[in-house]
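Chain naming follows the written order as A, B, C and D, and within any one chain the residues start at number 1.
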């Protein structure tokens, strides 16, 4: 049931600034797809166009062939799209488990009345998802933190929590925005293993924005390189790493943000 | 998460038990039983009687509210200093005043009443219609006197509806009516503009005025506007009324700054009608002088109390005693800025009048005594007015006289002009 | 027709009263990102201090100037010793602290100066100027002129001076302002001090009309808030124009829209806010900003 | 770090199991006993605390939990009180009156919210300010239903013969039962599904929408619930005070409710009770000290409490007092600051109120 994502001629303008210019690519169902490029290339903006947080100025975004540009993010989430953010936003005073459970929102039955009288149905559903959330945390090595308030965890671990939250939504299309940023080396290995397992066990399409080329190379089937809002090239990670245009885009213009 | 709320629940219990300890000293009594037979009611002993007041001492009506306490405190302060008040049952008692702030909030007025009712013999002198109405029914149910209160709401003077109540100041309708009668009696044609406060105060005034001028051929009401007590300006109303060509403005306003600015605005527009001002906003020093009242052909007001600032009463013995007592016993060092100070002084005198004819130390007997006062000329009362409590539907002071501003104070007048 | 124009002129002078407080609100918001409910109370306190000096025989202009200086100091002290504890915390708490400050100041004024109405002399004569059948007092003209001058000064402060830019930088993001070497704490004190000083001017301008009481500006504060939102929090010109609009439109609505009348004219600014914000969420004159996700 | 945490958790686990069984039972026992042991004036005071605790609870739902500044809560209390007074004086069945006193404010709240929730943070505040400010003259104008400025009296809830209770005891039981039910239902609601939703809508609307939550919908829901709870508090207000007038819903009281909520503790169930207690007890306290210094003392009390406990009284109940402090540390930008949109924030640190949804 993994989703197909097709981005076609997407452009985005803020005032006079061209953030994205006619970007097109297609992600096949079940692929792990990389979006790379120097800072300011427009990767996150493109994510926002896909997830509905921004409305593209022109072009179409299709999920399984249905145009979704301009749809509200909540609507897209209900149709199987999940995402993480560059800077995770958690409820810091709540426990990690509660934060993950937010991902179950659309699957929990019952309206406000049912929840305020705690019908058996709502209690059971809550129990069930509590179990699922714990299992997800377990899988990501975070079970020990489940009952700790989120603000006792490091920034890096917040990303893991956020990933669990997104996975609890049982998405068909998962957008990961810089999942490795700020992670220590060992954690990156774990992350790679986690995403690989995702593909093996869950039927899911993954799009990753990342600077960490090691991670991109280890995980992705295909990548698109963006620079200044334009698609520079598309191919495998290996092709991208050896493409002179890509090297120029990184080294020549943004040496500070070199390949990790 | 859940750990937190468990301990919060523990806190609820802790708070509840703290409350329990705090109030443990009190014991249940009264609670609707009222007084039976000749046993003394709460708040009265052989040597003291205690009176309660709930009135605004903070907020926008704190000025007049403070006065309602100061006058009565001053009156009984002076009496206590002279030995106390001789009651009709042969005992002499000192009078204690317990005044609480309600901030003109009905809910807090009710709270004040609840906390006072078992301690005091009677509630009195409090200012405000909603704040007095808030606990009127409770006072009836508990049979606690709520008397000589400062509201012109007729409900408090209806013996049938309000057996334990009595208003003090003339009902608003009476004041409005007095103006209307004067105007009709002038015989000359007059065009009247009305500007009134949008509440029972303004409406009562206007109702009384209209009932007096109804059918009179010489009076025409040309325009009628309202304003809100929360407004910062009535300029627009005065502008609109000035275009009506009226030569008289009937101005039922209870807010000093707005009356002052209304007087000023009319002068700027070169509109100089005769003004009718209500009793509580016609102070010569605080209203008419700063408003430049001398520019108008006549500023009329109704009153039943001598204005201490008026030169006519500068040497008046009543006024001298009053001002001295206000300073010494009323915690009110300044010259009184609101007539409520004088009124509550009269409330003190009226209460004393009732006390002297009480034969039993009960609330029942007090109400009987209070309701049988006739033509009592309380100190500071103007000639032609008196306290009469025997007439149902009328407050303790049922009559007012119309007065005209003379550049310094007010003179009683019989006719316009 | 004469009445119509007179109503507009009346509305402008009432609007100027709202504008005076609104400007102080804008200044403190620009400097600290907070809405200060105590702004009116601080202005009243300033007016009382001027009034007290007057009663000691100090000439009016001198008394007002002294109260402006005192207010600056008071504002800075309030920021340093009270607000600072709340500036990085929950903004709701900070707002409630300003409410507490308002209550406290009102109580102190009532305690020291009683709740009676005190006359406050005006800098300007009350004599009317009549022009084309419309009359307006010199006091209203004077008040309006002073407010326009203050407004222009503020606009210049924010737009063109280093101090103004620094104040804004601090309000927008204290951390990065601190990183870039701005003396954040001192700037916050200056911001509050300036707002309080401005409030003192406002208090002296409106006290003659409203007469001095501890709650003198309570009712005007709501209108000032409305003007601030309507005009856009970042624009002194915007809030003054909005305050005038409110003053004029509520008069016209009261007279010419029978359904509204004088009792419901208070709804006018809120209807106006609602309509304007639906079209322009940043207010009439506020800066449009890009929201980044 | 984690290890130390575990020990505290284990410790409180034992306490928890004890409290889980004994806590609710003890609470019920206390609530049943309280009306019987106290004198009338104390019962009246507790009943009033109940009234305003419910009002503060409503405010907490929309503001404490969902983060939408509301300065109009008192309007819904007033509306509920008017509906109750009107129904009682027309001899309607009291259950019908109660239902209407909940539903009419909820409906009005829904209509207001449908419009207001489209606006940003401070704009919502201004739309809600308008409610009490316009409500007062409106109540006067609709004098046919409201009794105009003289207000409406309605006495109901006297103790039935069979109960053998005093009126004040019976009324306090009613307040405790109705108020307790509202508290229980609300407590359930703000934990679990809806609690998480309101929390994330307050914290970050973009994250909320990314998990399938429409922030607008839940803001409307929170506002409607707050109005409904406000209506309940209005019903209780009539039960206890027995009188309402336009003064009841004056703007000043709305501000005091807001102060009570923050003093009690925002986003806290216990905080709502404490806020109600603050609202009722502090004026009584200042009256004891010096009735002529009410404003001064109230202002001083408010400032002192917040200075010592910026998280409100409820933070006393939070072990280690950590909840609020950590929030403060991570949410540097003030809520009331639309101009802060100029900041180039990310999803995580741009305050929620400034986002207007789609660009």
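The rule is simple: a residue touches a chain if its C-beta (ideal position, glycine included) is under 8 Å from a C-beta of that chain, and two chains touch if they have at least 3 such contacts.
Quick caveat: nothing in here was measured; it's all calculated off a predicted structure.
**Student:** Just grab the chain with the largest centre-to-centre distance to subunit A, centres being mean Cα coordinates.
**Tutor:** B
**Student:** Name the chain with the Cα centroid closest to the overall protein Cα centroid.
**Tutor:** Central chain is D.
**Student:** Determine which of the two chain pairs, B-D or A-D, is joined by the larger number of C-beta pairs in contact.
**Tutor:** Answer by contact count: B-D.
**Student:** Suppose each chain is reduced to the average of its Cα coordinates; what separation in Å results between subunit A and subunit B?
**Tutor:** About 71 Å, centre to centre.
**Student:** How many angstrom lie between the centres of subunit A and subunit D, each centre taken as the mean Cα position?
**Tutor:** 38
**Student:** Quick one: report the Å distance separating subunit A from subunit C, using the average Cα coordinate of each chain.
**Tutor:** Comparing mean C-alpha positions, subunit C is 47 Å from subunit A.
**Student:** I need the residues of subunit D touching at least two other chains; which ones are they?
**Tutor:** Those would be 9, 133, 137, 140, 206, 252, 292, 294-295, 323-324, 327, 346-347, 359.
**Student:** Send over the residues of subunit B in touch with two or more other chains.
**Tutor:** In subunit B, residues 1, 58-59, 66, 198, 228, 230 touch at least two other chains, as defined above.
**Student:** Can you tell me which residues of subunit A touch two or more of the remaining chains?
**Tutor:** Only 14, 53-54, 94, 98, 147 qualify.
**Student:** Would you tell me which residues of subunit B are touching subunit D in their complex?
**Tutor:** Its residues touching subunit D are 1-13, 15-17, 19-20, 23, 26-32, 57-59, 66, 99-101, 103-108, 110-112, 114-115, 117-118, 129-131, 133-138, 141, 153, 155, 198-201, 203, 228, 230, 331.
**Student:** Residues of subunit D touching subunit C in their complex?
**Tutor:** Contacts found on subunit D: 63, 69, 115, 118-120, 122-123, 126-127, 129-130, 133-134, 137-138, 140-141, 206, 251-252, 255, 258-259, 262-263, 266, 292-300, 302-303, 306-307, 310-312, 324, 327-328, 331-347, 350, 354-356, 359.
**Student:** How about subunit A: which of its residues touch subunit D in the complex?
**Tutor:** Of all residues in subunit A, those touching subunit D are 14, 51-55, 72-74, 77-78, 82-83, 85-89, 91-94, 98, 101-103, 105-106, 108, 110, 112, 115-118, 122, 126, 144-145, 147-149, 151-152, 165-166, 169.
**Student:** What residues of subunit C sit close enough to touch subunit B in their complex?
**Tutor:** Residue list for subunit C touching subunit B: 2-3, 6-7, 10-11, 13-14, 17, 106-107, 110, 114-117, 119, 126, 128, 130, 135-137, 209-211, 213-215, 218-220, 223, 251, 254-255, 261-263, 266.
**Student:** Residue numbers of subunit B touching subunit C in their complex, please.
**Tutor:** 58-60, 62-63, 65-66, 198, 225-228, 230-233, 235-237, 239-240, 243, 256-257, 260-261, 264, 267-270, 286, 290, 292, 334, 337-338
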